[in-house]
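When the chains are written out, they are named A, B, C, D, E and F in that same order, and each has its own residue count from 1.
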Amino acid sequence: MSVNPVSQTLPILPKLSDFYVDEVIKAALKEDINYIDVTTDLLIPPESQSTAVMTAKSDGVLSGIEVALRVFGLLDKDAVVTFSLNDGSPLRKGVKIAEITGNTASLLKAERTALNLLQHMSGIATYTSLCVNAVNGTGVVIADTRKTLPGLRVLQKYAVLCGGGSNHRFNLSSAAMIKDNHIDACGSITEAVTALRKRAGHMVMTEVEVNSFERLREAVAVGADIIMLDNMTVEMMREAVGIVAGLTDSAKTSQNRPLLEASGNVTLDNIREVADTGVDIISIGALTHSVAVVDVGLNLSAV
Amino acid sequence: MSVNPVSQTLPILPKLSDFYVDEVIKAALKEDINYIDVTTDLLIPPESQSTAVMTAKSDGVLSGIEVALRVFGLLDKDAVVTFSLNDGSPLRKGVKIAEITGNTASLLKAERTALNLLQHMSGIATYTSLCVNAVNGTGVVIADTRKTLPGLRVLQKYAVLCGGGSNHRFNLSSAAMIKDNHIDACGSITEAVTALRKRAGHMVMTEVEVNSFERLREAVAVGADIIMLDNMTVEMMREAVGIVAGLTDSAKTSQNRPLLEASGNVTLDNIREVADTGVDIISIGALTHSVAVVDVGLNLSAV
Amino acid sequence: MSVNPVSQTLPILPKLSDFYVDEVIKAALKEDINYIDVTTDLLIPPESQSTAVMTAKSDGVLSGIEVALRVFGLLDKDAVVTFSLNDGSPLRKGVKIAEITGNTASLLKAERTALNLLQHMSGIATYTSLCVNAVNGTGVVIADTRKTLPGLRVLQKYAVLCGGGSNHRFNLSSAAMIKDNHIDACGSITEAVTALRKRAGHMVMTEVEVNSFERLREAVAVGADIIMLDNMTVEMMREAVGIVAGLTDSAKTSQNRPLLEASGNVTLDNIREVADTGVDIISIGALTHSVAVVDVGLNLSAV
Amino acid sequence: MSVNPVSQTLPILPKLSDFYVDEVIKAALKEDINYIDVTTDLLIPPESQSTAVMTAKSDGVLSGIEVALRVFGLLDKDAVVTFSLNDGSPLRKGVKIAEITGNTASLLKAERTALNLLQHMSGIATYTSLCVNAVNGTGVVIADTRKTLPGLRVLQKYAVLCGGGSNHRFNLSSAAMIKDNHIDACGSITEAVTALRKRAGHMVMTEVEVNSFERLREAVAVGADIIMLDNMTVEMMREAVGIVAGLTDSAKTSQNRPLLEASGNVTLDNIREVADTGVDIISIGALTHSVAVVDVGLNLSAV
Amino acid sequence: MSVNPVSQTLPILPKLSDFYVDEVIKAALKEDINYIDVTTDLLIPPESQSTAVMTAKSDGVLSGIEVALRVFGLLDKDAVVTFSLNDGSPLRKGVKIAEITGNTASLLKAERTALNLLQHMSGIATYTSLCVNAVNGTGVVIADTRKTLPGLRVLQKYAVLCGGGSNHRFNLSSAAMIKDNHIDACGSITEAVTALRKRAGHMVMTEVEVNSFERLREAVAVGADIIMLDNMTVEMMREAVGIVAGLTDSAKTSQNRPLLEASGNVTLDNIREVADTGVDIISIGALTHSVAVVDVGLNLSAV
Amino acid sequence: MSVNPVSQTLPILPKLSDFYVDEVIKAALKEDINYIDVTTDLLIPPESQSTAVMTAKSDGVLSGIEVALRVFGLLDKDAVVTFSLNDGSPLRKGVKIAEITGNTASLLKAERTALNLLQHMSGIATYTSLCVNAVNGTGVVIADTRKTLPGLRVLQKYAVLCGGGSNHRFNLSSAAMIKDNHIDACGSITEAVTALRKRAGHMVMTEVEVNSFERLREAVAVGADIIMLDNMTVEMMREAVGIVAGLTDSAKTSQNRPLLEASGNVTLDNIREVADTGVDIISIGALTHSVAVVDVGLNLSAV
């Protein structure tokens, strides 16, 4: 992986709430420790102190460093942690990420849970960053989806931000997405959007999923905020962009036309081509549903 | 992916407890629905009934079908579900997996959570199955690790079984793994194993991680139950197998010698080569930490 | 209270998820029963069956009937419930709302929790309905706020819908509201909105809170989706409506101009006057933070 | 509202347990933040520090100050809080209640949850205090009921104490209340009380609800600890007091006669009249079920 | 153990709430199953059905039968359970208690948790019953204490009722117990009781712990509801009973004098002697803190 | 009880995880405090500070001191605790165990929960220690079982370690135990063990329960890791030891033969006799299911 300079400006990142993060970590520790660490608890002297150094074992983008370090803090209140890199930073193989000094047994018990979280989140940030870099200069936004893993949506969506990506709606309450079944139930896109605008709150953004130019035109006409081009070919997307421009040409800014979102079958191989069609957003389920970890190591040495 | 006939005999699978599965699903639904489905709840007539057909969109191995179908049951107690394939079954692109008839709005709300679970679990089963098939005939066991995602260990380890794999220890309490830090703290492998045997319960299996032949010999001598060959080359593994055979030749069966587990840097490309060294077990973190989904679709039609 | 015919057409209502509702009810029952009902458990014969009739003791709008009836179901799986009125229906003093037949002891234990929920939710729906009716014909939307009670937001926001009102953003994640502190931190409304548009996801609606005409003009110019007129007098609101119309007159529909939301110091006494200024939305914290119950009675008779 | 000097002596108040309060707050924060504060997290510089001043915007009685300040502590461990007024203190419009210095983003995220709790609890304390003051000099106790909101009973009952009121039984386990259904099931008040005395533990106080003088006499005769006069007119209550005095005149102190509790239809308009009948306790559901908030503001300024 | 005919009349028992019981059971099952039953899930054919017969293996009193049977229901919704004995029934070694027919694997997984609950609860009921029978004819009540095991108080207090005993206060909120530290803080018993009566709600029963006759007289004088004779000798208790009788002789019934509770060092050996002193209640921590199980067996046979 | 010098060397003990222990304690405090301590909160001045001294009131072995002291810390963050004895230490009646200085009201509220935990855990450690001492010199291991109380398994198994005992499998996932039903389902011990070895993970230890010498021989032949002699007489056990020795005499060390576990009907009276038969392990359900507390007192004095 090659992280180009574009991503050197770290993204603005939200602060995840401690009470949420702690809950995920405690669940993970309960799963992994359960009762005791039968090896560590019975072999490592309880007074032993060590320093653990966390090092990148491959290139990528960092995500979850505060989450991972919190694992150590939850098992050893007196652990001292320092980290050299913030979330969103590019990782180079061999670079030191953080250092933790504390009770040896606690460090060993925390290790796996901390790395499981950090490696997964960094995996998401890394793949997102590759996508973001691939469309560099086009102004296209790379967005995630609701295809996340149960219980991990907050961490996964945050990791997408770390990689320079953007979050699609957080859940079914936070924005509307009108799909085929909704259109069928209402009779038409026009009727569906009209009904929703009347029934939903004024803070609800409305996206319409279309798979034909006819539906695209209808969605533009009824004033959808965002239009998803569902599983269209690159050629179709290019034509869709033209159609929307034609229908909204009197309005000069993006404020006044619906945003176009490409979705489906986008990979690193074709993402630039998709971006070049002029769509505004490319949403990619694989950012969160098919993630390969970034390898991170932890080495302990006696204090 | 090509699933060869070896896996046609479905593995013996445990039954996951409802109370556990329901808890994971409810957490996922809370995350995804939160308050209401602002699109579906406001556009789909509440009395509408539909049938949803679940279909494989790529080849693979099925895992999580009962978990996924339970999602529909939790949102619509009267939903009728039938499934054509059991967990562990090979999937062919286009094959029908299951059918659910029930309240349309509930089906739409359940869809994403059900598919997120099913696709992830089937992804694990599929990759596991590829590994298992790759070592077909060698008698080598493909095992998972503790490199799982927080809150999902039970589902992930179960999915490994669906793919024909085997579970390594479930957590830090259930078996012992003596690593470098433990050996250093005790002085030697011999001292570590001896101390643990004295202090740990009699139901605790003991594995020792070694990275040299000297340590390997010591581990055999002290009677470790399993020995992990940590990040060894294929050549080293082959030699390790020979060393252990030599040390235990008077004992004819595997009962009387430690099992050898290969770990680290094993991919589909080299797994057969590793298996052919004569090791007993190959453990692979990627089975659970770097999983690509198997694509599954859901189509609704009015009843 | 007088519920005029306007509200006779029941609102389209979402279906709250059972797993959410059950959790609230179980928490309430634990709080109220704790161990046993020391009176009922020791005095009422366990085999005794009764029919309980739920009756409105004052006028209002019904909300929470399914929630309330679920309380009885959780304490007596075999209870038979029938209800004569749906959520959103007007209530007249004396009208029968529902009937529950089941185990007498369970009915008595469920009574208080069921009524506490129903009376509170109906209180919200009733006050909302009064506000909605007061602006009848103006097209103004009555919306709630985030001024809800801990743990009850879902039920309270749902009750607002039952009264014909509309939901403002559900939480801090689901939409943006730029207030003074955000503007100060960024330097100006323009900078704040521009920064947010760049950093937030494309499904995030943006509202700006203004307290002067200068800020109002700036918010319109930068294209805010919604503008909140914060604690303005009726005269100021009227002028604000004119300003926005002037700035956006080339655009004929509400699609092309920001919505205006009035907030602060709105009561039943002045709500019509506020609505007549031409604002689009009136948001009222009191809908959920200062609710008087609608009185509902429950009478048991032996089966 | 006018808080007369009577309440200047602050009530003796229990200390609510942190673990309970934290649980309520975390649930509220999860509801309100969910994932991130999309406005604050993306616009406020993470290193920004501010001081927030909490000020009463109307008169009343304070309740929940430690609860509210704990919200800030949970989002910013290093926040420094100081408060000028204790729970139970009278509030004058414009008076400063507390000051919090800490991370600006955390202050903004905590604000709504803290105020929602404080305003609701102070609303309860304020209304209770009005009732208490209205009966000043009569010795009558103002008590709450079980008509509380799900999940909030502890906070609501505590707020009643802050207003100078008294708590009725906490739940169905902690004391007995014999109502019509129990009397019917047992045959008579005498049989019900006798059976309960025999079956319930010796720490269970027994109250009997009566709606006629005949039942009142029976309740006195059987030695009920407390007798509730259910929905009686003021005239009936006065007569009831006389009847009980007549039946127990040989016993001089309140120790030796049942306490009389008035319940139903008591408002600020008639509460003094009710108190003057000579009843011992007036219980009022509206203390907790129909609460209007006390308005409290929070203003931030840069440190 | 010999259960004499006195206990043949089963006590009136409360119905424990399903939502509470289910929570305890699910926690227990999670603890005991965790992931899978590695023996049963892999060896017992999933379609196998069996009948399990539950039999007493020693004499005693039954408690927890519905709780225990619920364990089977939670693991196999279709299990059919029938029970021959109700809670509170005497058990004879060899007698059949219940029969469960269902999925063999589920029966095996439920067995340990069900028996752990039933044997513990029956152990409590049995020991309680022995105490109750030992004081047969004296009218003395045998009561439990707050010396219960974390998380199990509801089940343990219920089991005391099954054995014919009575419940002391359920928790620190439900009634008052004035001990040395409270007396010291207030200055005297008189001041403590007076202060509490003024500050606590009217439904709070007040008990005073005394260790001298002087304090006893003071407690009687101030009108304590119950007086605990703390660690007194049998002789002292007898004298205490006389003192109280003397002080209250004008009042003929127990209504008009405080109840006397003996506490401390009471065993089956001296309980009759203690009861014969004339105290009203004997409270015994060992009922719940030092319980020996009643042995119950479960045998499966194929259907 | 007499604790002989054997146990003076304290056992190596694991550190229980704070997040687990805190959860148990909070559940216990919620159960015991619920709302407020109606006595302490209303009578003890909130600023009062005291020192509490914890003293053994009988001989035994200490377990749970850190757990018990944590209770005080959870109610008073500023409490200062010091303890003189570690878990596993012998207790002599009258010896001081620990001292806590802090808020008086918090000390009083924590007292019961802290002692309930400490006395129960020390009771387990004490009985375990008696068993361990009784077999002193034989090399026999005293092990617990799965007969634990719901929700308390971690604390109970830890207490067994404090008493010098050993833990049997933690749960149904962590090791396999083949019983009659499994053998019947598979056809024979040989088939059951063989099937399990093939299906279960390589970290799963396998124990077989036998009740006849024929089955014993079969279990040895098939290479069971551990064999449980179920409810055998002492004579049978002795013979069983001889049989196993005969079958495995060519293998000199315990490494090469199955361990023998005696189970059923072992008491302090016959435990030495059982140990002298030559079995390796004696497992005793009563260690955790029928525990008598060790009495510990807590005395407060003003600071």
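Everything below uses one rule, namely that a contact is a pair of C-beta atoms (placed from the backbone, for glycine too) under 8 Å apart; a residue touches a chain by one contact, two chains touch by 3 or more.
Treat the numbers as computed from the prediction; the structure is a model and nothing was measured.
Between subunit B and subunit E, the least number of touch steps comes to 1. Common neighbours of subunit C and subunit F (chains touching each): A, B, D, E. Copies subunit A and subunit C of the same chain sequence form an interface built mainly from equivalent positions, shared numbers / all numbers used being over half. Fitting subunit A to subunit F on Cα positions gives a rotation angle of 120°, stated in steps of 5. Relative to subunit F, the most remote chain by averaged C-alpha coordinates is C. Here the CA centre of subunit B is 53 Å from the CA centre of subunit D.
One finds 24 Å separating the Cα centroids of subunit E and subunit F.
With each centre defined as the average position of its C-alpha atoms, the distance from subunit A to subunit D rounds to 45 Å. Shared contact sites, meaning residues of subunit B that touch two or more other chains, fall at 12, 33-38, 42, 109, 153-154, 170, 173-175, 199-201, 204. The list of touching chain pairs reads A-B, A-C, A-D, A-F, B-C, B-E, B-F, C-D, C-E, D-E, D-F, E-F. Put simply, subunit E touches subunit D in their complex at residues 11-12, 141, 143, 166-170, 173-175, 199-205, 207, 223, 226, 253, 255-256, 259, 261, 280-281. Taken together, the subunit F residues at the contact with subunit D in this complex read 26, 29-30, 33-38, 41-42, 46, 74-75, 77, 105-106, 109. Residues of subunit A touching subunit B in their complex: 24-25, 27-28, 31-40, 42-45, 48, 50, 104, 108-109, 112-113, 115-117, 119-120, 123, 146-154, 170-179, 181-182, 184-186, 192, 195-196, 199-201, 204, 285-286, 289-293, 300, 302. Of all residues in subunit B, only 12-20, 153-154, 157-158, 170 touch subunit E in the complex they form.
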